[in-house]
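Look for chain A in each of the two complexes below; its partner is chain B in the first and chain C in the second.
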Partner chain A sequence: MDLSLYLPRLGDGLVLSLQLTAISVVLGYALGLVFALGVSSTNKLVRFPTLVVVEIGRGIPALVVLYIVYYGFPAIGILFENVLAAAIGLTFTAAAYSSEMIRAGLQSVPKGQLEAAAALGLHGRTAFGRVIFPQGIRSAIPGLMGLAIQSFQGTSLAYSISVNELMSQSYQVSTITFDYLAVYAITGLMYVAIAVPATWLSMGVEKRLARGYA
Partner chain B sequence: MSVPSLTMSTEVPTAGVEISNISKSFGNHLVLDDISMAVTPGSVTALIGPSGSGKSTLLRCVNLLEKPDRGTITVGSQTIEAGSRVSDRDLLALRRQVGMVFQSFNLFPHFTVLRNIAFPQERILGRSREEAEERAMVLLDRVGLREKAGQHPGRCSGGQQQRIAIARALALDPRAMLFDEPTSALDPEVGVEVIAVMRELAETGMTMIVVTHEMQFAREVGDHLVVMADGHIIEEGIPAAVMADPREERTRRFLSAVLDR
Partner chain C sequence: MEGFIAVLAALPLTLIVTAGAFGIGMIGGIPLMLGLQSRIGLVRGATRLLVDIIRGIPTIVWLFLLYFGVSFGGMRLESLPAAVIGLGVISSAYLAEIYRGSFQIVPRGQSEAASALGLGNKVTFTWILAPQAFRTAMPSMATFLLALIKDSSIASTIGVAEMVFAATTFARQNPSTAGLVPFFLAAIVYVAISVPLAVVSRRLGTRMMVNA
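What follows is the complex of A and B.
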């Protein structure tokens, strides 16, 4: 059987995987910032609940999160279509992991920066937005890029809730062609074709950031 | 055209600073014990003392980077009462009147030198970008660093960074300036550049409170010398007089230790 007939299907799967990655990274990192601020809050009523949510997100395997969202939530009347369930689950996991990287980045900004901003008379929100955040996020970037690559690979878990992403497509193709080795080898190479250049990019960015501001 | 003065603040007169009965504890440790001190407008007060004496904490109380537990701070016509809740507006109003220079410079590393000086003006005084950058260039000129405008602070030496930090504070037309060991992180030969800028600033009539170990600066530029130890002012007076003939044994010991370095 001519495997090339099925390459478009794998291509479609890859596109959906990339879309899921984009959604979970963009929304997940935005939510991660919110979590990072919550965990850094001086208000205990904000800090503790946020910390619990983050630790749950980091502690539960992404696959379990997907099952809870897709199979579990209907029991309490919350029903999601499978792609949406995957997007929500992966976003939550990305948020939990990224929040710790963002928090560490923000914390790495020297205390003197905030003091200088305060002494100049800048508003707290200006000091955060223009002084602390740009420096903190910069030191978190290498980790966040690595996490984005892991998130991309992690989209394969959505296969388990019947989302037609790359892994799911290749499983279906393999059951038609019975050419398991070739199909999964091609699938693996497709993940590699995205992940490896992304890793190179991330290393390049890291090297550039290490040179400092110029 | 005449050379612009370092402050160009003819419309913003310098202000006096009055510290009354300030106390401050960190946990159980009393760092400032009922300190009072008056700084007349346009004068230079040098604050000296061994480390842990509370001099930096006292300085940081003036612009409320540290919140005193008791006492009042007056800058110009604005008085802040410790203990009472200070509104954001009052806090920012106070800080806008008082410039501060730190031991570790604390320039914003992600901004160019020019943006470091222009950005706060735009945000705090509402100046246009052109106006703020023009003012920044004038000040950079005065501290001798015009050519650094487009670079990031990381490309500047410590002495250059500190002069830029002074320019950044002055750009907001402060009515008084606080210096927290401005040369302590610098090699002596570089500290000289910073001292020169501060000397010039003092000549323009800026009110200055300077925490320092630079005894020569304190003697030659200072109008008043305050010696602190263990959260108390143990001695104060005209700098040359205190240095020549300290009344307190502890002052004598501290002075000889600093002067022998």
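What follows is the complex of A and C.
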């Protein structure tokens, strides 16, 4: 059996995996910022519920999140198509994990920065957007890049709700060819081909950012 | 209530998968860590590549590779050993990185002092460097263990009847009544085992800091 015949299928799967990664990282980090602000809010009515949501997102397996969205929500009358369910589940997981990184980053900004901004007459929104956020997000970047790589690998869980991403395609190909070892080895190396260079890139960025501080 | 019992009955298997994989990882991480720190460039480079490849492949792909792809003389691995070995291999790579990081923190003077006292390499490693490195590694190891408990749920995809598997089965058997409930029950149990572990590890971390 010539496996090269099936490579385009795996390629299609990889494209969908990358799209899911892009969606869950972009939307997830945006939502993560909202969660981070909610958790650092001085208003208890905002802080406590956000904290519960974040801890749930971090405390339960991503697989369970996907099952809840895909199999669970229809029971209460909300039905999602599987790609959308995967995007929602993965976004929520990315949001919960990223929010803690963003919060830690924002907290690492010295208090004097906010006081200085106030002394210069900058108002809340300007002070946050122009002074606190740029400095805070900078120290969160290495962690967020690592999380993006993990999110890419996490898209493989969408296999369990029959999304046609790389892992599903690979499973289908393996049941056609019966060449399980070769198909999964190729699939694994396709994930590696993205994840490992991305890890090197994030390590490079981390070094570069550290240089700026020295 | 029935659903809760079904999910809870599968908890031991979740714990077995997690403990087995963590055990393999704690031991398997040692040779990998030594390889990562080797003075021979070729060994160091090869181990680095190996660790990066292990970590670059998603857990589910590892499990499918071992479960469907590996056979010894026509005998395939059963799902439970495949899951434990797969997660164990991944744990070895992650723990090797954690070990490496904590060995780097042990001050150089420690190994110099040990050699000044005439202690051999093996003795220095086992009785001087390892205990100090272990202390700094503990919090990261606990964090990894918490992640591993959740990752053990992926074993359900190759048919290991752990909690998520039990929840899915229960939901399928009772499609009209179950709904979200079994998954939330599984979620609650995950949180219930993770939180005390997190508290203990945090306390352990601070206590070790005090002793240090």
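Going forward, the second predicted complex is superposed on the first by the 212 of 214 C-alpha atoms of A that agree within 3 Å, B and C clash if a C-alpha of one lies under 4 Å from a C-alpha of the other, contacts with A are read in each partner's own complex, and residues count from 1 in each chain.
Keep this in mind: a residue touches a chain if its C-beta (ideal position, glycine included) is under 8 Å from a C-beta of that chain, and two chains touch if they have at least 3 such contacts.
Note that the structure is a prediction, hence the values are computed from the model and not measured.
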Combined model on chain A where chain B meets chain C, clash or fit: fit
Partner chain in contact with A:Ser156 - chain B first, chain C second, else both or neither: second
Contacts of A:Ser41 with chain B and chain C, given as first, second, both or neither: neither
Once both complexes are placed on the shared chain, angle at chain A toward chain B and chain C, C-alpha, multiple of 10 degrees: 110
Partner chain in contact with A:Asn82 - chain B first, chain C second, else both or neither: neither
First (chain B), second (chain C), both or neither touched by A:Leu122: first
Dominant toucher of chain A (residue count), chain B or chain C: C
Which superposed partner A:Val192 touches (first chain B, second chain C, both, neither): second
Contacts of A:Thr177 with chain B and chain C, given as first, second, both or neither: neither
Shortest CA-CA distance between chain B and chain C [superposed frame, angstrom]: 28
Footprint of chain A on chain C - complex, ascending: 52-53, 55-62, 64-65, 68-70, 150-151, 153-154, 156-157, 164, 167-168, 171, 178-180, 183-184, 186-187, 190-191, 194-195
Sites on chain A touched by chain C in the complex: 55-56, 59-64, 67-68, 71-73, 75-76, 153-154, 156-157, 159-160, 167, 170-171, 174, 180-185, 187-189, 191-192, 195-196, 199
Residue ranges of chain B touching chain A (in the complex, touch as defined): 63, 65, 88, 92, 95-96, 98-100, 102, 104, 106-110, 119-120, 123-124, 151-155, 165, 168-169, 172
Chain A residues within the chain B interface of the complex: 110, 112-113, 115-116, 118-123, 126, 130-131, 134-135, 138, 212-214
